[in-house]
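Okay, so chain A shows up in both of these, paired with chain B first and chain C after.
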Partner chain A sequence: MKINATTFAFNATFLALGAIFCLTPLASFAQSAAEIMEKNFVITKVTDSESESTFILRNKSGKERVRKTFGTTKLQKNGIDNMRMTRFIEPTDVRGVVSLLIEQSEKDDDIWLYLPSMKKVRRLVSSNKRDSFVGTDFSYGDVIGHKVQDWDHTIAGEELIDGFECYLIESTPKNKTTANNTGYSKRVSWIQKEAYVTRKAEMYNLSGALYKQMSFKDLQLIEPDKNRWAAMELRATNVISGHSTIVKVDKLKVNVGVKDSYFTKRYMESE
Partner chain B sequence: MTRELLVFKSKRLQIYGVAFLIAFLFLSNQKALSQDNDPVMADEPSLIPEMSFEGEHEKSSANWYSPMNELGITGSLRGGYWSSNRLNNNENDLITSSTWLTLDKRLRQGLTLYADGYIYNQDTLGSESSDHRVKEIYVHFRSGEWDYRLGRQIIAWGRADRLNPTDNLTPRDFTLLSPEIDEERMGTEAVKISKVFGMHSNITGVWLVNFEPNQLPPANTPGLQFVHNIPEDHHQYAIKFDQSGGNIDWSISYFSGFDLNADLAITGTSGADILVQQQYNKVDIIGADFATIVGSNRYAIEAAHTETKDQSGLDDFIKNSFMHVVVGVERDFGNNLSAIVQGVYRRVDDYKDPREIVNESQRAVASLGALANHQLDKEEYGISFRVGKKWLNDTLEADFSSSTLLQRHGYAVRPKVTYSINDHLKATTGLEYFDGASDTIFGLQKNNKSAFAELRYFF
Partner chain C sequence: MRNYIELIVRLRWLVIAVILGLTVFFVKNLGNLTVIIDPNTIVPQSHPFVSTTLKIEEVFGSRYVAAIGVTAKDGDVFQPEILAKVQRITQRLSETPRVVQTNLLSVAASRVKDIKGTEDGMQVQQMMEEVPTTPEGLAALKEALLRNNSYMNSVVSEDFKTLTILAEVRDASPEDKKEGRVGFTYVSDRISEAVDTERDDSVTIEVTGYPPFIALIEKFAERTPFLLMIAIIIIGIIHFEAFRTLQGLILPLVTPIIAVIWALGFMGLANVPLDIFNTLTPTLVLAVGAGHAVQLLKRYYEEYNNAQPNGAQYTKTKFFDVSRVLGKLSPIMLGVPVLWGLYKGFQTGELSDGVSATLQVGSVSLIPVWLFFLWASIRLIIYIFKPKSIVADDASISANRQAVIDSIVKIGPVMLTAGIVASCGFFSLMVFDIVSIRVFGIFSGIGILSVLVVEMTFIPALRAILPPPSQGETNLEQEERVWDRITGFYARTILGPNRKHIFSITAVLIVVSIYGMSKLSIESSLKGYFSPDLEVMQNDRALNERMAGTNTIYLMIEGEEQDAIKDPAVLKAMDQLARFIETEPNIGKVMSIADFIKQMNKSMHADDPSYYRIPDNRNTIAEYLLIYSMSGSPGDFDPYVDYDYKLANMVIFTHSDNTTDMLTLWSNIQNFVDEKFPSTVTVNVGGSVAQSAALAEVIVKDKLLNIAQIAGVVFLFASIIFRTPVAGLLVVTPLLLSVLTNMGLMGILGLSLNIPTALVSSLAIGIGADYAIYMLFRLREELAKGTGVDEAFHKVLRTAGTACLFVAAAVTGGYAVQAFSRGYYPHTWTAFLIGTAMIVSVTAALTVMPSLILKFRPKFIFDGVKK
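And then the complex of A and B:
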């Protein structure tokens, strides 16, 4: 069932989410908002990675749940689409759950899920990007990234975030399908000038109300020769429910020759 | 100890012996078979992270795996209440308790030891004594494009939702009082060998060394006494080609073995009662499944044709050959809400109505067998429906499933709600309700309808 679809790819995905952007200096007046977002989107992708991450899920009253994961990513041959595998290590009731996300820029992504109790890998319906991952405050769309061409972008101003000058980009869905699939009527992104890194983001629900706030901390250059960056701490808060999620990347290795065999049904089914 | 049991245990020991011998050999020769010296093994990914993480981006040297995780042991303590058991005997208000343990230990790169079992008592405050079950215990070895799994294992096939015509290799215990239907699965001693082709395809061969049937709620029919007859020749074989990826996922499979569900045959009388033997006859099953996703819908078709021992359809006490098809669509509505609707079709070859048998005893037994095996009608149509929803960041989950027959009055509904109190505690409550005419599979289970609640502590 898709109800299980919330258990998806994370750490690596969150790396992509929080990953930073091209350092090539460009004069702000020379760029459109779409060009900035393209740079923001593309340079989040590392060649490959292995990581361990901790997810802290905190409700309004401060009660926490913790998830530990092991994940791998690998860029596909087209240099754009990622493969992302995430295996849950803790806690016990989710141990052995494995998700596999195969991005496909030309069509819907492939999402696969292995639940140890079912002893089967299932392909999940992936057109809907609004469902949350493993109960986190990141949606599926947040995790894989919102395709730039599906949104209209405008530069709404400039602001200082954490001491860095940022473009303030407002993005609205180009059509109803994108709005319904993501659950967002507007996204606002604070993109660091020159680095094209997302420092902060806000999402508005379909009613137009502020829905989520995200921040990306401890940004590091993780693949210097390709100018790929990642946030080592990501935070998302649902301002309506008061629930928040903190993702901490505990360990990360990049460009280590991750094997294709991680991204297979065979690997997922291995206990 | 009966001969049958001795043979059974002897074969089980044989396969465990082989499995652990392989594990021992690999452990004792770990250095010789190290990853560095074995380019094939070097291609295999780690199942549990053992990376050095000595790069400049290492954020924490703290090892967050718990001691139990280091040993590869996890488990849960469970206590529950069931208003009825699943034994059709009108026993009510049962307190259940159990301890479940799982060992998932990576012995070395490419070699894993896995075991899963539980100790349980389904009437803790009553007269029932505790029992135990090893669901699975096997070693899994990977080498290049080959996978080898030896030992007691669950083999689950089929892409439809829960109703799987191609899933005929390992049994289920339908009498187990568990809120999770998938926990009914049990393993069987087997050797499974798979070869992968590229990223998406594989072929699997299975040799089932042992046979264990489904455990069904007994039909407590007055005047009938049931005895099991487990076949002595346990050997069974299966092969499957599976393609997972691209626009369509599909598989074709063949199984030659024993029917997990019993045929009923009269063997004599005991006083006024008829002695009915539950026989597990040979079947050959060819099956296939397909699944694809279009937009927000997932479509799946799974079908199998079963050739039984009674190929001519003349034996009233062996089920006839039959076709079983499940067609389903799953829709994702967003916001963690999804639903699945499936249509079920069965057609019996060379059908003969068992209710027209003249002899009263034979008619009673043949009709009961046909009813239990969905062969009372030449064609049977059914519908199943399942909807699931999660709230509060997945801490609260609801699942409602139901199924019914179209020609006869009969249905089952199963609502269930689960709440994760924290990472260690989970509470589940729900209902299993059956209703229908006495000539339906649902009507037979009327006495098993139950409300249940269970608390689990995970460690």
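And then the complex of A and C:
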């Protein structure tokens, strides 16, 4: 189990999510909602990372599926899309499964999978940004970040979340395509003042009903020079199905010079 | 008894006030009464099929499946407009409360995925995320459906002319109840709303499944109070025709109406909900109540005539006797509107048409009755304020009071005996496993006790206030008419040489009934309740033929521990079982997680058909499940496997909702499972068809037991009261005969034993015993008085016997109205079976039982005969 070498795509994803929301603490007055969201968008985009995480998926009746993973991430040249490598440690019947995800914010992502029982790497083409991200209650869109310019943002107020002052920002899709691609008719984000990290978010489905609730706990400034943040615990609940996801980041190192070779088929098969 | 009734007569105003006060109190409590239409209450909760069904609902969300079929009128369904319709319906259903969103099955549902092999891996995409508009897109969709065997014949028909949307509906949660989203009418209406806007010339849309059918029962159940009202009116009028007096019209109805109110009020107080399958209970209370009231009234007239001092007869209405005229007119007043209503009803096939025709004509033809009411009311008011000078003399008033007292003294004990026997019989139903039957027992028991209370308090008090009957009235009442001719004929037959014919006819009847019973099927098919002409039934037939079947059976596969379902041995056994089931008759399709594993295995091997099988390596299966979870939504497999892979759900689509077929299938499945499944895995069956089968099983066992139980209680009590088991046997005879002939008749006519028909048997028992008890008591009384045997029998038949006949005729007539209720067979069955039960039990009590007494001369009856 080479923990150091193989870190985990999932984790990074969620780091990204948790951190998605900060820019400089130099708060200027009279910022527009869109400006706040712009700062928030990049706040989790760390250069690279290695992490160990625990995923707890819980259904309506409280039954759980627990997965432990190691992962690495590396930000691509565009500064938005990540490469994510994830290796499953638990449960034991999927130990050694490796997934490689190259984010492509402009189109559907490819996932490559190494299946140890077949000793083969296969490509999994899946659908789109509104769908579940690897079986969690976060969508691909939630993980990669929703493009600021596709939405109309307004500051709907200010609220204290976990003791932090937050802007309450309401975002609605500018057009039907955005709405359809994300599956959301409205997003409400609680963005911490000055830090620009998201502490809480709510999403409404296309019928206008509350759909998902998310919260981001234990936010840490993990890459101070770039002002990048990560949440150590991320939660999402699908209010309609009652299914929920908790991601706990057990270990995290950032900016450790993750090599590109991690994100290749050869590496996946090498274990 | 005499002291008690004298007290009642003395305190008549107080008694009336108290009873009316109580009635008002209970009327207020009617507000607490809830009518819950919960299919759970008619199923035996501890039956394994039912507990499995409940577990499947809890884990997989599946319970009541509504099926919507969208069929292209021209060509196949691969037309953008038709696909868009299906997409919109699916979308609307996903937003419908109580529809389990994650379990929706439709070409447009998000969980319906196309699993496809690619050059270097696998592609999992929503089957139809957007409606394809190009010919290539449409062709690709068709190809995708063909590729994913699971969805052939389930979301699309094999001829590609029909798309189906299957929506699973769950029971109302407490939150739903708060919001008023209860009942199946609610869900069914929402489904109709989602569907109706899409109807046009290009498609035929059919809605069927359990929810619309239950909604239909709810709709038909709404007819019940109306039918009950009509029954009450008809019963009243038949009594009027029999007695030809106002009291004869009203008093036998006052008791059961008050009793029904009390019983309902009690239920409201106790928070016991009523359900639609207990709508027969007011009938029972009505019949029993009217029975006692008529006996008492008949006896009252008898006593009044005896008590009347000679020469002091109150003879007022010689000149123009309204009662007499109305009496003569009553068959016309009654017959014409009923016949007209029947004619209209059968012409249009709608209950409401028949009923409104009856009411229209009836309101005219009954004008004389209303005038009579008016006249009688005025007379009553005058009587109350100026009793002596204008209306009656002291002698008749005291004769009246005396008659009230005497009749109660003589009838009271009999009535109490009969009533307590019957109510104990009904209370004993509380041991049953089916909530609905328990409620029926409690409700009926309370109703009958209420009848006793009212008859022993309110009625004598009221009658002590009412004017004594006029000479004209008593004469009319005494006049020999068709009723007396019937009982007279019976009496002559019993006492004459033809008595042996009674026995031989009875013997033939028993033999025929037993033959009929041998053909009796026990079948609880829900759809069997409805006329095939109904739209829902037509829809169901059409869709049932086109698709894999509109009925679902679930198999719950349970391993001992987590991940048991990932075991290749288990999945292979499930797969073999599915293929085996598909070879059984009526089965359209079986779906399970095994199909998806096979599909993924094939896809991971570049769609090589030889890989359309369960992999041998357990980890491969785990990996497939993991990667599917990475591409689908967390809930995609929820309908097929539980969260920790300990339980799996196999969904069987069948063309038949016949419970006998289901039981045969289940026994074949069990044999298969014993042979092919690992011993650590158990398989159970559930779903709505299985629940009906459970119900059918319980009806066989429990309903027969229930009949035996009530009969046993009746036998026991009658034996104790008359201090000999011979009396018990005599009382039980007419009752068993009526049950026997009822079942025999059902067998011969091809009706099956199910909840509504089985309840009629309980009802027959509850009433049948009363006739016998009244007859026995009266016989003993007359013989003890020293009346000669022949004369005693004549007299008993003329008095108590005729009273029994009145009641039987009235109840039969009252319920015959339900035959109007077109489309809903339980109403028709009730009308027919109650009628038969009444006729058989009264005839047996008036002929067979007395014949047996004459033949065997039991001591307890003949003891008093003076040698």
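Here, the second predicted complex is superposed on the first by the 215 of 271 C-alpha atoms of A that agree within 3 Å, B and C clash if a C-alpha of one lies under 4 Å from a C-alpha of the other, contacts with A are read in each partner's own complex, and residues count from 1 in each chain.
Heads up, the rule we're going with is that contacts are C-beta pairs under 8 Å (C-beta built on N, C-alpha and C of every residue); 3 or more make two chains touch, one makes a residue touch a chain.
These figures come from a predicted structure and were not determined experimentally.
In the superposition on chain A, contact is made by A:D93 with both chain B and chain C. Of the two partner chains, chain C is the only one touched by A:I240; chain B is not. By the touch criterion stated above, A:E165 is placed in contact with neither chain B nor chain C.
Look at A:F263: by the touch rule set out above, it reaches chain B but stays clear of chain C.
Residue contacts after overlaying the shared chain place A:S61 against chain C, while chain B stays out of touching range.
Looking at the superposed arrangement, the partner reaching more residues of chain A, out of chain B and chain C, is B. Of the two partner chains placed by superposition, A:D150 touches none, neither chain B nor chain C. Once the two complexes are laid over each other on the shared chain, residue contacts for A:G135 go to chain B and to chain C alike. Of the two partner chains, chain B and chain C are each touched by A:M118.
Once chain A of one complex is fitted onto chain A of the other, the partner contacts of A:D250 are limited to chain B, with no touch recorded for chain C.
On chain A, the surface touched by chain B in one complex and the surface touched by chain C in the other have residues 57, 59, 63, 65, 91, 93, 112, 115, 117-118, 122-128, 131-132, 134-137, 241, 243 in common. Interface residues of chain C, counted against chain A in their complex, comprise 58-59, 95, 101-102, 118, 120-126, 129, 563, 566, 604, 617-620, 622-623, 626-627, 629-635, 638, 642-644. Within the complex, the chain B residues that touch chain A are 43-45, 47-49, 51, 53, 55, 57-60, 62, 64-66, 69, 74-76, 104, 112, 114, 140, 142, 147, 154-156, 158-159, 161, 180, 182-183, 185, 194, 196, 199-200, 202, 242, 244-245, 249, 291, 293, 295-298, 330-338, 340, 386, 388-390, 392-395, 397, 399, 420, 422-424, 426, 456, 458-459.
Contact residues of chain A toward chain C in the complex are 57, 59, 61, 63-65, 88, 91, 93-94, 97, 99, 111-113, 115-118, 122-128, 131-132, 134-137, 207, 209, 238, 240-241, 243, 245.
The residues of chain A lying in touch with chain B in their complex are 1-6, 50, 52, 54, 57, 59, 63, 65-66, 68, 70, 72, 89-93, 95-96, 108, 110, 112, 115, 117-128, 130-132, 134-137, 180-181, 183, 220, 222, 232, 241, 243, 248-254, 259-267, 270-271.
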